[in-house]
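Right, one structure below, let's go through it.
By written order: A, B and C. Residues from 1 in each chain.
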């Protein structure tokens, strides 16, 4: 490889910013055929893991676009769900589709913003459309990944659901809400 | 160029620090033949303006040494080391692991507090465990960053190390220095 | 200041040096061994071939000069001077075959120490002269960087889920206890029913016969209780008569 090409290669590699041919020439010497060297290098690097590219008259090396995914690596860290998150997940699973206000009514405790986010990040809960009632609250439901994680064919497999129903603990939430101060719950929601 | 080689090239180009083959594999996928790709790339880049080098088991790209005159940054020498620091660094590198008392025995003078600190701050020297002798003195050794900075593949690359070894100049220090006004130095040491 | 250079000047004009100059020189040594090494180099021979005796003389002369000029001399220089004076006398005096180690061995050890320090000093210089990363050779100036994205792998067991749901329901059950759904016969309902049915029966009739036909045991009990209270109420109003032959016996009813 000619020395002028090697010099341009080294200068561009070490540069902190993209460089114009003039700036490169200031390093490698005016005599060097910088443009020719740039052309030769761009050819050398075509199809490699690193490419020499020109952007607005400035040259720089960059990793090939199709390999960008290699520069990110995901590392999984096992973490246990908080109690609030487990309860919320259980409520969504048993009552889906269910709005945030309804979840809070069932839990008897408000849920923090992060709780549903965590369940969605885990891939177990998804938004399931808006309910066509005043305020059009967003509802949530479980995902296939939820069933897979907990080893369930479908939601009907949730052990104990029949027992809980027989004990009168699983009345449809809408009915239950209709019979008790629904207005109050909704006003809480508005304040959110 | 095979995809695995392109991948290793891209990852090493993008990396901010030298990488072990294991770290590279974590990005390009366990299946890729990283070692083979590294060998191929080192060959590709030999004689170019940028070289692929191995330093203490870690790989990185760097500009070719003979182009230093085009790139050298006179005004910002990385670290202007004192004579004491340079000697101490050499003693650690050629004798590691080595205790402070042993360094002092070779230099015939106590090391001031800052000397080892400067070398550790530069990332070239690290504590390397205690020696199981009375007093359990802490020992010091060099780091992979030391090898990278000084362009050494491993400690066997240290300039002249074989000759020094053959001349017995790297033998354990205690044996050679048991005598000779050393008593004073040793008692100073105890007070340290 | 490089001690080797200053030493050359000092060697050339031993009588003419000034006090401040010597002070400067003394400050330039990194301890007695460094001074010894510089003096040894002035013999301009391989370190393995230096004359230890001559070196000792040089060192003692240097210290004596410094003393003459009333310079402060650090203790370790004086300790070394004393040890060298002792070594010199051992080397010059008739051999004491009992001495262990022998003076020659002590001299060799001193020589080895000088070689060792010299070797490390040269090694340091060679290290510093290498193509150094960030000074002579350069890593990529603008690496894209590699990112590790930490992704939480959320964990929960099915049991946790069920238990949590049970806990939620147990906690909030009172708020959702819906009485309306229970199969009951209200008192009003029973009053109407008993009154209406009595209109058609003038004979003593058992209270149970007024109850609706049902499989629901809960509803039957509710109907019985309500009908009993309805009967008492109707008796109070004088609309019916009640009769019971014995405690817990059947309750008989007829229109008054």
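In this section, a residue touches a chain if its C-beta (ideal position, glycine included) is under 8 Å from a C-beta of that chain, and two chains touch if they have at least 3 such contacts.
This is a predicted model, so every value here is computed, not measured.
Distance between Cα centroids is largest for the pairing of chain B with A.
When chain centres are taken as C-alpha averages, the shortest distance to the whole-protein C-alpha average belongs to C.
Once the centre of each chain is set as its mean CA position, chain A and chain C turn out to be 28 Å apart.
One simple way to say how far apart two chains are is to compare their mean CA positions; for chain A and chain B this gives 41 Å.
Annotation for chain A: residues 10, 13-14, 61, 63, 71, 73 touch two or more other chains.
Chain contacts: chain C has residues 138-140, 144-146 touching two or more partner chains. Residues of chain B that touch chain A in their complex: 1, 5-11, 13-14, 26-28, 47-50, 61, 63-64, 67, 70-71. On the chain C side of its complex with chain B, the touching residues are 30-34, 36, 76, 79-80, 83, 101, 106, 109-110, 112-113, 115-117, 119-128, 130-140, 143-146.
Note for the complex: chain A touches chain C at residues 10, 13-17, 60-63, 71-81, 83, 85-87, 89-91, 93-94, 106-108, 118, 121-122, 124, 149-152, 158-160, 164, 168-171, 176, 179-180. Those residues of chain C that touch chain A in the complex are listed here as 138-142, 144-158, 160-162, 164-169, 171-173, 175-178, 180-181.
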